[in-house]
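Everything on this sheet refers to the single structure shown next.
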Amino acid sequence: MDIWLGYLTLILQGALVTAQLTALGCLFALAMAFLAGLGRVSAVAPVRWLAAAYVEFFRGTSIFVQLFWAYYVLPLMGLELSPMQAGVLALGLNVGAYGAEVVRGAVEAIGREQREACVALNLTRAQSLRHVILPQAVVVMLPTFGNNAIELLKATAIVSLVSLADMTFQAQVVRSQTGSTAFPFLTILVLYFLMSSVITLLVRALERRMSRGFEGTRA
Amino acid sequence: MSAPIIQLQDVSKRFGELTVLDRLSFEVAPGEKLALIGPSGSGKTTILRLLMTLETPTDGMVMVEGEPLFHQRRGDALVPADERHLHRMRARIGMVFQHFNLFPHKSVCENVCLAPVLTQGAKPADARRRAMELLDMVGLSAKADAMPAQLSGGQKQRVAIARALALSPRIMLFDEVTSALDPELVEEVLNVMHMLARETDMTMLLVTHEMGFAHDFADRVLFFDRGRIVEEGPPDEIFKNPRQDRTQAFLRKVVAAGHRV
Amino acid sequence: MSAPIIQLQDVSKRFGELTVLDRLSFEVAPGEKLALIGPSGSGKTTILRLLMTLETPTDGMVMVEGEPLFHQRRGDALVPADERHLHRMRARIGMVFQHFNLFPHKSVCENVCLAPVLTQGAKPADARRRAMELLDMVGLSAKADAMPAQLSGGQKQRVAIARALALSPRIMLFDEVTSALDPELVEEVLNVMHMLARETDMTMLLVTHEMGFAHDFADRVLFFDRGRIVEEGPPDEIFKNPRQDRTQAFLRKVVAAGHRV
Amino acid sequence: MEWDWDFVRQITPQLLEGARITVVATLLGFAFAAVFGLGLAIARRSRNRALSWPTAAFAEFVRGTPLLVQLYFLFYILPDLGLTLSPLAAGVIGLGVHYGTYTAEVYRAGIDNVPRGQWEAAKACNLSASQTWRHIVLPQAIRPMVPALANYFIAMFKETPLLSAITVLELMNQARSIANYNYRYIEPITMVGAFFLAISLVSVALIRLMQRHWGRLGRLGSFRRNTAIPS
Amino acid sequence: AELEDLKEQGFARIAIANEPPFTAVKADGTVSGAAPDVARAVFKRLGIDDVVASISEYGAMIPGLQARRFDAVTAGLFMKPERCNAVSYSEPILCDAEAFALKAGNPLGLKSYKDVADNPEARIGAPGGGTEERLALEAGVPRERVIVVPDTQSGITMLQQGRIDVYSLPVLSINAAVKTANDPQIEVVAPVQGAPVYCDGAAFRKQDTALRDAFDKELAAIKASGEFAKLIEPYGFSAEAAMSTTREKLCAAQ
């Protein structure tokens, strides 16, 4: 029994790494999403192209490949990253590319009418974006961002394949030390589900808070 | 007659193949109340959108207060206007939309204050005071802190009018401001506009399908068809004795459609 | 007077807390043309939707041609109707919607033919012949092979009328069939309806905000407010000499809203 | 380390063999997901709570946990329960179940996307339930689903490298095997990346074309991932 | 890395495998096992007080070393000429022969990699990037019958489930794994006929020969003092085997 408790602690240590990866990855992805998403609706054509290239590249190649690149190839080019940094970089860049499309879509979904009202009130582009478009767009983005965060959480499992001691990896360790397969894997399945439920609940709470002012205008 | 505040000279607007405005020219005097009427698709909205710089003309010149709207002088030449020029010109013009286009995430008062604070550098307290005056004028001071979603259509449209007025434009554009409203709510908005027309010397351009209102409101009526002015004149003349067949047919249809109680 | 074709007895409809129809009772005679008018939200649409079985009443009895609409006899008891009963009853009733609701993936002719072929087992060739007659009647035989997206609003609505007629219902329900149309297109639809009213002995229920049309079209007008009938009578009486304050106020507002050319 | 074209030429056949398995796994997995998702969607729409509720819970659970762990589960634990699947079969079922929970949402959105007015008009035309589905709802629902489903197809394609964890010799696994044998990582991994990029750029272009023709499904965020992310 | 750098930071990063008895992770998370124990002792004598061990797949070790993720690999990564070209090895540390785990009674009669190659039914499991995979391929087993198994426990599970017919690892690893599994249906064939005895060494980056040389010096010292034998023999390894051969021989062997 003590043994299992000990190995459970080991898995929980992995869970901490997973949580950390998820949190940092989400922050980085969020930053990239806004940077590239707003880049895609920029008035400056080269900025649009750059943002589009980023999005297509990182959505186009598998995250698996990106992670292996960040982990094994970047150091050969002289950029040394800790496994955690490589993980956060790959996850953030990948999910950020998907998030950028969400940002762009939401900004475009805040229709022509709102943008025209801004022109009629003589707001500059930056003012319209900051005071009118983004506050509404963020509410539209939130649910999809929540889903993206869960996708990121799930993607952290593959860092185990580059030997970062996350939850899945620790489960593998426990498995080879104890010979039991069901215990570690069922444990981490439950833990992953708990984590994704936490994300779902957080996003819902945030959604409720942010849309409160709208009083049900966008159902 | 004083110098015109708005001049269109041979203005055309094409969307791809479709010619929406066809070498159109007309002038508006300062303080004039002008109604634009005509069948659907005749280009009425497009004229207002051009004046608000929401569209760019394909051809021709638009002058506002003697200055070109879409061009600026560089040395001797006229070049397309940059964003700064447009920004300066837009300050003179306000527009009220068919679907109100209020900002749903801002309260009524914030909707009205936002632009003065951001574009004219008004102090928030001053902007709020002025907003309350305007809301009072449109009969909505009690709703200053409500959110747009809590208002009826007629109330929303009155807020939209107050919002446009907050920037003190010299020209106001109204595009079918009552056509999205329930019939019972139309009156309250038209009352506000009547009052504006009487009590200010703003120049107003009005697109509407409410012939009765156009008649009472306007100094002059332009009847459009297919991007051209078919007939113009004082409302009495246009509505009672239209000279053109096209105008007569249009008015007959509108009347037949049931607006006759 | 012959037996009523439609009877509502103490019909209530609640959506959660909201009472939309409040113990409503009225009858319609066969062949009668009835106009339902009243302010927004008063429950007019809900009555038509009930008759079309798109909603179920919370309380009360609806009879169509002497048969309960939402109930069926099992032995001595009345039990809620099953789908088969509803299907049989629906065959007597047709409805035209405010937003046409044409099937966008089917051509005009297919829209009209579909139901006769599927529900009445009509032969496709016969159904098509009859559809062409109906389209001819609404003035659209030339558009039989067009898709709905290629039609104007007025044309769409005329197709919708032909589609409803194709099943030869004895009762036709019209819910604000012109309010989504451009003013110029209203006339063509109203002409078709006038013609129907004159030339057939179908029972018709009409919800409309076009008071002029209601006046000319209806044998009898019901004025609703908050789910109850406030006043009823022949159109001349209701529109010229309304007895109730509420009716007077409503008509005054609608008139003030500009329907007065 | 330098890029070595000779090495590239030498390993290409082996990578192509891996690519073949990748494509096979994606096709089979997607077929499974398309059918399984339909089952989920129907079960979730069911009025019977005893069916719809567990289905919803199952879908939530599958969507909330990593495919990699699910694959381990299918491959290493199911045999203890008496079901031994070949690696490819386990991979196809894993992909299919995981993505089935997403395609189910596409089906649901596609059906919900048919305006209420269409159902009501069908009723006013006195069509029966099955006639309404066949002639009115499905023809309108299916077309906008196609681009959304295609998006998941691509996402799934990019997730096949996970099958290497259960010993399927797909593209990524071949690349790793080459790398392990030769101690050279740059060429094989980069080639895999280029292969994925090429395929997905082509398919993105195809989807854009489909969307232009068949319209876009629903509003942004109306289902869980409008464009999918590998996990 | 330079020895001085490591001394300064006070620890060395080593890669270990998730494979008893080369490596063992206790329930409390501490790392032991023959390879890390030796590494710890040698580094201590070099003035580096601690080792930070990360568990890694075999296939990820050399790329990780090249990508500067570790300073050394001490994981039972056996010396082979190709590997000697890719990294700098220390003198031999742990030696072991290859073994097969297979179904009790050895129904396919597999005794060597050649036997596996000759039997078209036989599927062999081996860790990806490990020596056994290479031995199998070199013996002529076609690619599709060499199943790359992610870790030892998966290999045993797959053998039990009949997904592979034989699972190949070093003798001691197999013994440890089979003991954990405690399954009478599995038996061990050891050593595999015709397969050489291999020894691992600590692997360093190609250019870190100075560090490697320093490591060698202290390794020789503990071998001489008998401390070496005390460290590895409890795990079942033979100190004699390691001391009777050299890197030079092993790297040249074909």
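Quick notes on this structure:
Which chain is which? They are A, B, C, D and E, in the order written, and residues in each are numbered from 1.
Definition applied: a contact is a pair of C-beta atoms (placed from the backbone, for glycine too) under 8 Å apart; a residue touches a chain by one contact, two chains touch by 3 or more.
Small disclaimer: the values here were computed from a predicted structure and weren't measured.
Steps from chain A to chain C, minimised over paths through touching chains, total 2.
Any chain touching chain C that also touches chain E appears here: D. Across every pairing of chains, the maximum count of C-beta contacts belongs to A-D. A separation of 51 Å divides the Cα centre of chain B from that of chain D. The distance from the centre of chain A to the centre of chain D, each centre being the mean of the chain's C-alpha atoms, comes to 20 Å.
Annotation: 45 Å between the Cα-based centres of chain A and chain B. Averaging C-alpha coordinates per chain places the centre of chain C 47 Å away from that of chain D.
In chain E, the residues that reach two or more other chains under the touch definition are 63, 66, 150, 157. Residue numbers of chain A whose C-beta contacts span two or more other chains: 72-73, 76, 161, 181. For chain C, no residue reaches two or more other chains under the stated contact definition. The complete set of chain-chain contacts reads A-B, A-D, A-E, B-C, C-D, D-E. Taken in their complex, chain B has these residues touching chain A: 52-54, 83, 87, 90-91, 93-95, 97, 99, 101-105, 114-115, 118-119, 147-150, 163-164, 167. Those residues of chain D whose C-beta lies close enough to touch chain A in the complex are 1, 61, 63-70, 72-73, 76-77, 80, 158-159, 161-162, 165, 172, 185-186, 189-190, 192-193, 196-197, 200-201, 204, 219-221, 224-231.
Those residues of chain A that touch chain D in the shared complex are 56-57, 59-66, 68-69, 72-73, 76, 94-95, 98, 101-102, 105-106, 109, 140-141, 143-144, 147-148, 150-158, 160-161, 168, 171, 181-182, 185-186, 188-189, 192-193, 196-197, 200. Those residues of chain D lying in contact with chain C across their complex are 115, 117-118, 120-121, 123-129, 131, 135-136, 139-140. Residues of chain C touching chain B in their complex: 39-40, 178, 182-187, 190, 209-213, 215, 239, 250-251, 253-261.
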